[in-house]
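A short worksheet on the structure shown next.
Think of it as A, B, C, D, E and F in the order they're written, each chain with its own count starting at 1.
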Amino acid sequence: MFYHDNKLQYPVRVETPDPRFARLLQQAIGGVEGEVRVCLQYLFQAFGARGPVKYRDMLMTTGTEEIGHIQMLATAVALNLETAPAQEQEAAAMANPAVAAVMGGMDPRQYLSAGMAALCSDANGVPFDGSHVYASGNLAADMYANVTAEATGRALACRLFELTDDPGMKDMLRFLIARDTMHQQQWLAVIEELGGIQANLPIPNSFDQSQELGEVSYDFFATGVAGTEPPQGRWSAGPSLDGRGEFRVRTATPMGDEPRLAPPLPTGYAQLEQMAAGPLRGATGLGDTTVVTTEQ
Amino acid sequence: MFYHDNKLQYPVRVETPDPRFARLLQQAIGGVEGEVRVCLQYLFQAFGARGPVKYRDMLMTTGTEEIGHIQMLATAVALNLETAPAQEQEAAAMANPAVAAVMGGMDPRQYLSAGMAALCSDANGVPFDGSHVYASGNLAADMYANVTAEATGRALACRLFELTDDPGMKDMLRFLIARDTMHQQQWLAVIEELGGIQANLPIPNSFDQSQELGEVSYDFFATGVAGTEPPQGRWSAGPSLDGRGEFRVRTATPMGDEPRLAPPLPTGYAQLEQMAAGPLRGATGLGDTTVVTTEQ
Amino acid sequence: MFYHDNKLQYPVRVETPDPRFARLLQQAIGGVEGEVRVCLQYLFQAFGARGPVKYRDMLMTTGTEEIGHIQMLATAVALNLETAPAQEQEAAAMANPAVAAVMGGMDPRQYLSAGMAALCSDANGVPFDGSHVYASGNLAADMYANVTAEATGRALACRLFELTDDPGMKDMLRFLIARDTMHQQQWLAVIEELGGIQANLPIPNSFDQSQELGEVSYDFFATGVAGTEPPQGRWSAGPSLDGRGEFRVRTATPMGDEPRLAPPLPTGYAQLEQMAAGPLRGATGLGDTTVVTTEQ
Amino acid sequence: MFYHDNKLQYPVRVETPDPRFARLLQQAIGGVEGEVRVCLQYLFQAFGARGPVKYRDMLMTTGTEEIGHIQMLATAVALNLETAPAQEQEAAAMANPAVAAVMGGMDPRQYLSAGMAALCSDANGVPFDGSHVYASGNLAADMYANVTAEATGRALACRLFELTDDPGMKDMLRFLIARDTMHQQQWLAVIEELGGIQANLPIPNSFDQSQELGEVSYDFFATGVAGTEPPQGRWSAGPSLDGRGEFRVRTATPMGDEPRLAPPLPTGYAQLEQMAAGPLRGATGLGDTTVVTTEQ
Amino acid sequence: MFYHDNKLQYPVRVETPDPRFARLLQQAIGGVEGEVRVCLQYLFQAFGARGPVKYRDMLMTTGTEEIGHIQMLATAVALNLETAPAQEQEAAAMANPAVAAVMGGMDPRQYLSAGMAALCSDANGVPFDGSHVYASGNLAADMYANVTAEATGRALACRLFELTDDPGMKDMLRFLIARDTMHQQQWLAVIEELGGIQANLPIPNSFDQSQELGEVSYDFFATGVAGTEPPQGRWSAGPSLDGRGEFRVRTATPMGDEPRLAPPLPTGYAQLEQMAAGPLRGATGLGDTTVVTTEQ
Amino acid sequence: MFYHDNKLQYPVRVETPDPRFARLLQQAIGGVEGEVRVCLQYLFQAFGARGPVKYRDMLMTTGTEEIGHIQMLATAVALNLETAPAQEQEAAAMANPAVAAVMGGMDPRQYLSAGMAALCSDANGVPFDGSHVYASGNLAADMYANVTAEATGRALACRLFELTDDPGMKDMLRFLIARDTMHQQQWLAVIEELGGIQANLPIPNSFDQSQELGEVSYDFFATGVAGTEPPQGRWSAGPSLDGRGEFRVRTATPMGDEPRLAPPLPTGYAQLEQMAAGPLRGATGLGDTTVVTTEQ
């Protein structure tokens, strides 16, 4: 279970409130790279963890840290929406929020729906979406999902760092960027501990690989039409990364035939002309011209 | 630009149609681990690729292959919804679809909305969601996103493999599982080609790391309350994976203070009692008891 | 503005309640082909109608009728969830809802969230989505959108008709199917009144067509690779439907060149290896191998 | 900031795992009445709280408790998906998950996407949606939102209680139902502390009520057509609940006129026939018949 | 069933069209606090109402009124997008919409998708979402949901009132704010009529309260870590609001133990290393270190 | 299956990059009228096509063309985000993206999430939604859906044409507008080939029309209250468009009675007062006043 205190994990200061930056910070709260996502992702991975409990405990530990990051960013949003020190606010013209909302590039719902506070949505006001909470039950897959979340999350934080000159905001982002640095490596450390990249491939490594169609397991299928050179690289030649095969380039050609679906079921309520069409092309020699003949 | 022929990349056969399996296959079409997602993800990464064109070309190539995977799976859905050979269908009682839809665990919309064909949605009928198309502009982040997609996608395909006894479906899945094997390594090969894990950390590696708060860059913050042992592992001691620091465990304690937001703006339309509260706790010595005093 | 009475537009009777059918009916309420959608679609088209008010009035009239269709279907859902006459209910074992919910293929949220009543969602429990409310500001485009809604809506109603044996439900569907018959023609009648198909093409017909690239306005681009016959039909030869051109088939070949994006911005936080890549393929004669050479 | 230990707030036991119940429990996790929602709702209200900090602290306290409820329910889902004691599992035929997934009414994604664990979605597999996190900046509005969440949440828990015979699950639900009992009153206690219902109406009570159109502030508009009796009740006569007016019933009649929109802008790309229509009905005496005349 | 006339419930005038305000008004149409939501919410509650019909009739009555509010607001949007009187429009440069759309903070889809009219979405362009239509089957829960909708809706209207200087818009909002005043009390009046707050607690009051874990029904669990004072208030001491207990504060401590999930199923396709881990911590005395030992 | 080359179907040039236009172009990528939608819509219709294969082939052909349109538009977005020639970029102040993102009306996620590239979402940042992929299994319904997509798509392209002065962008749009011209007629040509409008009505024309309630199949129900003139037009008199009936206007009056739902189930957990209400109005003569009497 969970506990809290009333303090922030790291100081959140805003020297010059900027409602536009409050909008941008929303991406780090409710966006696909945001803190609500990583928080719930790590916690759901922990809640469903099967296997060694050390990984569950680690996920729970860091998931708990992330709740505090949501708090920091939500606080940062609220502070950026305070357009003046408290004593000035009473005196100042109350047209401020209107101007901020409409002219300043603020998310208008931070005022209209939240009364000058953070929302559980991204920088475009799109609500957080629980389908981004990845918890696959496969530890290696989840670790790569977590690396992705922290890599895109750190890219986001670096870009936000570019978009503000406020010393307080830069300081907060310095902390968050550093935490993303740690968390990327934390998840990759699990891969290493599980035996490293090679031992974990292909993911899941618990599927009996003799069951897969081995002849295409290390082929780079070149789908370019004639005259299009297939791109060469580590993936096109040499030993595969799992040490079990050799990469090669192969021109993509159909191994299958034309798909043949049955005519529409009467109860499918296609148009009569579809149903009158008779069998598929090639099957009878009449094929798809039936309709044209009778319809035109 | 793009071209097609009328054939399938690999044969799709269904010996014993199973409308329930048609529902499950939807996850591999429109689910977060599905083919619509990887197809669009690789294509959008290609369309926006900056830097060496070989990576763009590779993404475009494999993105193009994935369109054909959508086609294979949609064909498999349609074939699983054909409850009998064509000649029998006309004779058979037309109550079939009803029974299939309601009793058999089929996605009812495959009949109601699509007349016995695939939808652009997942195994629960939730529509495909473009926010899962990750294309961050950072090649390493994108490669990890792609590994994740192929790892969860292969886990999905393996699980589907368990859920069918149909030889045709098993054959198709053997092909798709093998392709996921290749694609996982293809994206990791890019990481290797870019210098390997260490050289790419932290992602993005183009941010001046002296700007981040280095003192917390390699700390595992233990958020457990007293008596909760922090989980030990590769992440808690030893050199960091980027070779620039040492992991260590640190008890999480607040570095920040209590957040202090200004009172509600008059135009924020809080309740009067909120606005009457006066300054924040500690700031005046009266703090949050003001309201209680006047309200009770 | 709007008014109501307490009666139904058409009788809704259920002789043998069927919780499974209650789930299927949800598609006709909150699905993309459902009544909430057409109701809001016609009303929003009316509310934003510019031009002759007769069309606005007609849209408002039929939009108002559709509110009553939502009511009928929601009533049908509620009645299908009443598993027994009232006097029996008190006596019967209260395990009924559980069995219905879990075993019977019912939408569990009709019980869990609504206490045995209709939801504003589709047959898979996906909530109604306002983005399906099409109101483009172009009358012809809107009329085709409305024909589509009524065509897919009538197909849905016909399929539901197959899935029930209840005389009351069949009677209600006979009414709704007939109304869809009318509404399809109602919207096509507007096209006819506006001058017919030809006069309204291309939609919008208010754009100065000399501005478009006329040389491709009537070409069927054949994207099949060599050996793939382009499909022939009314669209491949003969006068165009707007009477201004001739259809023809043309092999699709690129008119454009390879896209050339600038290297990543420093502030874009790509990986260093992407940024070091130098100019694009062809521009320097070194092309895409630069990175590999210089980075490794 | 936040902390955790590795224990559950209350024991979660499952004597007879039931994958169908695992699906239903999802509603209490990721549904609109679920724990993810209340957890985030209370935390976001706390993070953005302005005014007396005691309310912030209370929201933070209970928001923190709710994280533990997510954990309990996710654990309950995982346990319900364990179809046999551990030692039996190895021996048992591995066809179990397939049967469970397809035949048993389980959410297939609990297996396909999560490997037998909970998802961040509802009982129909619809992902949690951050737009349900209400934090309006108005304390009274938020308290009513919280009462609603706990009232619908308790109704959900009571309905789940009906749907299981498992002693462990019933025990867990007894705890959660009791907590909902407390939380409903906790939020209403804030209303009382703020002065009670009357003092807080209308919400927000900080808007200068002389600005609203007082003559309709206490009218029940009867929208029934002639012959439809307006429903009588506490709302149709007697003093208003805020003590500032008298309820009365008033027949709804339009106070406004017909809306008159300008003709389509040329750049709006309506159809020519819409734009040719000339002015609005009544404005010129020609009105909406113009088009018909020229088009037919 | 439903009826309409061609007039507005209340006049909608715009003296100085403001495309930016047209965007903000969208929140009152398709936002979570908007009129589409309350309209459908009251109607769905009416359509599924069980029990005394007077409440159904009242819900139907007010739901019908709300359709007219959508109409008023959609008209207001359209009028705010008319950048000049009709006669000037033909003469004026047609660059207006572009400027309005891009520079002016307008929702670009009001032009791009709707040709200068309202959309069924919120102020950020997020489509209306049917999951906000609450109709729980429990009258008290629904009434609190309705109070919440009208409280947040009135806060929204008051905030919009701040954001416009247009006399016509202010006049329309005066009407809508007054209606929200009425509707808040209308729903609370039902609670009063049902016996008042106490008689209705806990919601649902039809669950046999002896079944819940009474010992925690009136406890405020303090989740703060040591040193964090639990917030005191009406909720922490004194009689409970339902008159059946006494509030008290209790330090939150785990009543449950560590959750113990079974190892991954073989068919769950976890990583081999997860499956090799053996039993859970404590169960064998070896616990979670097994993997590390064997893997490193 | 599918193939590609590395060129664009048509040149994409941007002379003066405009980040604001990059945002607007998103509507043509991931919006409901956008290219991702038509691409997937035509491909899913092809993948599930039953009946004459010529239509499948045509859908596949044009669906393949549309992938190239996504590519063109994504390239256009990326080019519009390049604020200066490559050589200048290195020198220029890096504040550019910030200014662009916040001040310029750009979609901030094009920078924050994509590093200056296109997203799979619309002009408001709302992700592409697979529920807009219509493939009904009925060819006529699908053709009208496709006409709608191309009609609204062409309106969108025309409106975008108004919003740019860039010669390169105008040239690209001239091409896309012309293709929409073709595609509208292509789908209507199928209707013609299937026998024309009349032969295809009502859609589906495979439902035995004697089963529908013929007496309302050609009635325009006038829902206006007394004094509201029903709008006259092609739909109110004369032969129906399917040649099987006569249009007529009919005043809408209820054919049904008041809906009568059973009292709440005990396990539905309504409030006690709802359940105590006794039978429905009229059934006993006591009706809905029971509660009031006993509760007050």
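We take it that a residue touches a chain if its C-beta (ideal position, glycine included) is under 8 Å from a C-beta of that chain, and two chains touch if they have at least 3 such contacts.
Chain-to-protein mapping (UniProt): A, B, C, D, E, F = Manganese catalase family protein.
All figures in this text were calculated on a predicted structure; none of them were measured in a lab.
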| item | value |
| --- | --- |
| Set of chains whose contacts include both chain D and chain B | A, C, E, F |
| Superposing rotation of chain A relative to chain E, computed on C-alpha atoms, to nearest 5° | 120 |
| Contact-richer chain pair (by C-beta pairs counted) among B-E and B-F | B-F |
| Classification of the chain C:chain F interface as same or different, half of numbers criterion | same |
| Inter-chain centre distance, chain C versus chain E - centres from mean C-alpha coordinates, in Å | 25 |
| Overlap residues in chain F, where contacts from two or more other chains coincide | 1-9, 32, 47-48, 50, 54-55, 57, 61, 64-65, 71, 75, 78, 94, 97, 105, 111, 113, 115-116, 121, 124-127, 129, 131, 136-138, 140, 152, 155, 158-159, 162, 193, 203-204, 207, 223-225, 233, 252, 254, 256, 259, 261-264, 266-270, 288, 292 |
| Graph class of chain-chain contacts, one of line, ring, star, complete, other | complete |
| Interface residues, chain A side, partner chain B - complex | 3, 5-12, 32, 53-55, 57-58, 61-62, 64-65, 71-72, 75, 78-79, 82, 85-86, 89-90, 94, 96-97, 111, 115-116, 126, 129, 131-132, 134, 136-138, 140-141, 144-145, 147-148, 150-152, 154-155, 158, 161, 174-175, 177-182, 184-186, 188-190, 192-193, 197, 201-204, 207, 209, 211-225, 229-235, 240-242, 247, 252, 254-259, 261-270, 279 |
| Chain E residues within the chain F interface of the complex | 1-6, 47-55, 57, 94-95, 97-98, 101-103, 105, 107-109, 111-113, 115, 121, 124-127, 137-140, 193-195, 199-200, 203-207 |
| Chain E residues within the chain B interface of the complex | 155, 158-159, 162, 225-226, 233, 267-269, 288, 292 |
| Interfacial residue positions of chain D with respect to chain C in the complex | 20-21, 23-24, 27, 31-33, 105, 122-126, 152, 155-156, 159-160, 162-164, 223-225, 227-228, 252, 254, 256, 258-259, 261-264, 266, 268-275, 277, 280-281, 287-292, 295-296 |
| Chain A-facing residues of chain D, complex | 1-9, 30, 36, 40, 43-44, 47-48, 50, 57, 60-61, 64-65, 67-68, 70-71, 74-75, 77-78, 113-121, 127-131, 133, 135-138 |
